[in-house]
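What follows is a single structure, written as structure tokens, with notes after it.
Per-chain numbering from 1; labels A, B, C and D assigned in written order.
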């Protein structure tokens, strides 16, 4: 947020306070100022670099998966465990209702503070997380619940134990499972969409992304380390990777970019969630018109057609 | 084997040697002796206590699962791993052919010597074994292969790690998976059929047992420890448990007792395997007449009807 | 809470009153004394430390179901002694003692009922009947409960409590693991949800069959749940077991149960799950989750 | 072995001769010298220590397939630069260099062929083309190979060798993981078997997609196989990796691959598996497993 925006905000708050305190009629002035502020924010947003959006997506106060779950859905019941080894805390899920309609939620969850981030492993799942997701997908299939997958991960965890227990296998199987469902699937990237760890629950009939989220095959830092031999070149890499919502919309990777309040989702959680919920409901409604076979067919066609190449 | 049998055997061998060495015509005498020996063995077999059969089933030289696989089947390809944690060596499996017909083998395997027994954990699986079995059942279902499950385990391993990784869950899921298949399933207890660890792959359209094998809800030793507060009372417990092939046939738990050579399977592997193979082929042939739905229906009915109770 | 109001028909023998000879109850876990009426209001969960006391099948029904909603379906099936099992005491005598003690033919009670107006079929194991062991009768009743749920097109809940298989029925007992599973598979194929609630203790053949193939596995806090019993494991490995081993919370951490849920919250939770997973077959929507 | 006899049509450029400028080859693993003709007869497996040298795609075809049986199907699809990726070298320039080096449009070669008379479709990744990275072309060719197998009603084998996704196509590259999976799901639904053969090295997005959802996963001895590369893991955990970590044998032990199979036995093994799992769709029985 620039100095300009911040000083305009201060002025606005001062006017509002004056009106409240003194009863002076400042309605017109306030309205003018609000309009001006909105314009300024909007033009600043349009100028935001890709790297700035990556940073927005990582803002500690940015809403996490559970913030959406708690506000957009009712009666979420978290179900635990992969029935095999453990219970991953970075990928949680369970049934809930959305305006009375039962759905199955899969949620990549970062911590809301340091303690939370340790518990959630900074949103980086082990194989158990993906195996739990598969179990819940099976349950959704069995009981006819649409799957709503909320994506927010820097990537799957790259550690020894994760490799030992088949990180790649779990991701691959999760992709395959999600691709096979005959219940509708929606995937929404709300923060970071880090590579295979995100795609594991990203096989949606519709894929959406929040305005200041990113989705890429590799993080800007890792990309910079490889291409420019310097992770500090991440801003350059971010530009190269074309990883913002607008980029992905143009590339045909997502169906929709869900707008955030000016300045970012964390500045107005209610508006953010309202936008999210409206989009999810609209797509669910459309998909509910399809038969199970049509759902599978539509999703298969969607992913079959991704990729850009020449032919001779 | 009694003294009587052994001395008669010696006499027979002596006669045979004499005829070979001297050319004397002892055909009639040898035939008589053989007949007598057979009768003696047969009457001794009928008198075998249940405990004696339990001991026969545990004879170190008794044929193991792989002995049957190597002799009755061709081109066995062992497939490994549960795709989750490990590769159990006490429960192995993979596709093979039986007289040209492809089948999926699940084999509980004891070691053939001390080193082998350590590798095979004395035939006691961890959860990984049952999860591998499930994976192979899925494969059998996908490619239309009948499942042939060879049972030989003192029981599932009761250890800390096994509990941590869900021993009960793995067994329960394996039972449920096998119960759901629309490909024919055959289960044959060749040695020890120890409780849930055996039943995990025991949900056959037909269940068979070798003449000197046992199948029970609990080992005689454990039963004795509970009932008589002394594991040494195992012989008594074995009687109570009614755990032999003949018992199980009378109780309607198995369709068939596969005969072993007099004295036990280890005395004549060729005859043993021939009997095994004949029975397996016959039942497979019968089951191959059924549609997938009929296979499932027949198996479901079979297990639905097990149990003895009064009704008022 | 008047337990006798729960049962509309075939009222099972009430044992709750006998359990309460005194006014105060001392928690076996934290030693704090609680006025017994208060303890009952807390569904026999210690208000001080949260310890879940074992409860009878009748109490379980009272704590879980809507008042007057339970209609018993089980009870016609009775145990026999097909193996003429030789034991220090005859099996029929053992059975008779347990029947007299509990007032039911075997270690199981099944029926239909409602949780916050949501219909379901319920099967409850009785640990006080020969350690909740599963023989032919338990297997048959569980199977019939699953079949009843399928017929009624309602979800099934099994409240598990068992030391495992019933030795005196040997391999017949073992076969109940497969038999009950077959019935539960059919229920699942019809898209009807099956929930299990694991209570203290649930081990052996019950854990290794129907208890753990539920769509959602719930467990009461602190319940002992496992395949092999702790004593057997200790004998096998010849070392002490870690603190909390095989308890609900341990199993949650190891990915084996979905939710460890306080007894006082089970009604609400089950109502939510019945709504979520039972929607395919639900006739009219019922919401509002009061306790 | 004359490699040119294997290819009936669309003969790819042969690189094997260039690899053999000298008569003797020293094993990088055990340092034992082998006469190069002998090494080739051993399919470039060191006869002394069993070390599996990396081989070209053409050698792979020669070692796996029946002579003259391979018919190439891939090659019409070529990479573009949809992101106009900014890099130290332009993506089109990088591509051009690799194309000139390997003689193919991208890191993949597909076609039909036979193993001991059993027909199958084959896709082979070329690690020498930008580290076998998967971009839109690799994804499209794998997808078409799966579709071809489905059309022909024959099994599919993918020989994997890849450093992962192709960064220069960013999210388009990532999407190939889902795209190829969709095609493989369709193949599986038709009951046609899919085998993957993991060779040194197979990591990243390829391991986390089509490589590991095969019906049977084979791996060459000593191959590096994993999700994250060893360097990334080392940077994350800041400690040394255990001996043998992420190698085929390690993964076998951890339940992740079916068989670690010597290159010299792959033909026989694949023929057996093709018979076992392909019987649903097989026309006439072929048996006899000669090498």
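Some observations on this one:
The criterion applied here is as follows: contacts are C-beta pairs under 8 Å (C-beta built on N, C-alpha and C of every residue); 3 or more make two chains touch, one makes a residue touch a chain.
Everything numeric in this text was worked out from a predicted model, so none of it was measured.
If you compare B-D with A-D, the chain pair joined by more contacting C-beta pairs is A-D.
Rounded to whole angstrom units, the spacing between the C-alpha centres of subunit B and subunit D is 41. A separation of 34 Å divides the Cα centre of subunit B from that of subunit C.
With centres taken as mean Cα positions, subunit B sits 54 Å from subunit A. In subunit D, the residues that touch at least two other chains are 254-256. Counting only residues that touch two or more partner chains, subunit B has 83-85, 165-166, 169, 173.
Per the contact rule defined earlier, chains pair up in contact as A-B, A-C, A-D, B-C, B-D. Only residues 188, 191, 193, 215-216, 252-259, 269, 272-273, 275-280, 285, 287, 289 of subunit C touch subunit A when the two sit together in their complex. Chain contact summary for the complex, subunit B toward subunit C: residues 156-160, 162-169, 171-173, 175-176, 179-180, 195-196, 199, 202-203, 215-218, 222-223, 226-228, 236, 239-243, 248, 251, 253, 299-300, 303-304, 306-312. Listing the residues of subunit D that touch subunit A in their complex gives 76-80, 82-83, 85-88, 136-137, 139-140, 143, 165-167, 169-179, 181-186, 204-205, 207-213, 226-228, 232-233, 236-237, 241-242, 245-246, 254-256.
Taken in their complex, subunit A has these residues touching subunit B: 83-85, 127, 131, 165-166, 169, 173. Subunit A makes touch with subunit C in their complex at residues 75, 77-87, 94-97, 100, 102, 128, 132, 139, 142-145.
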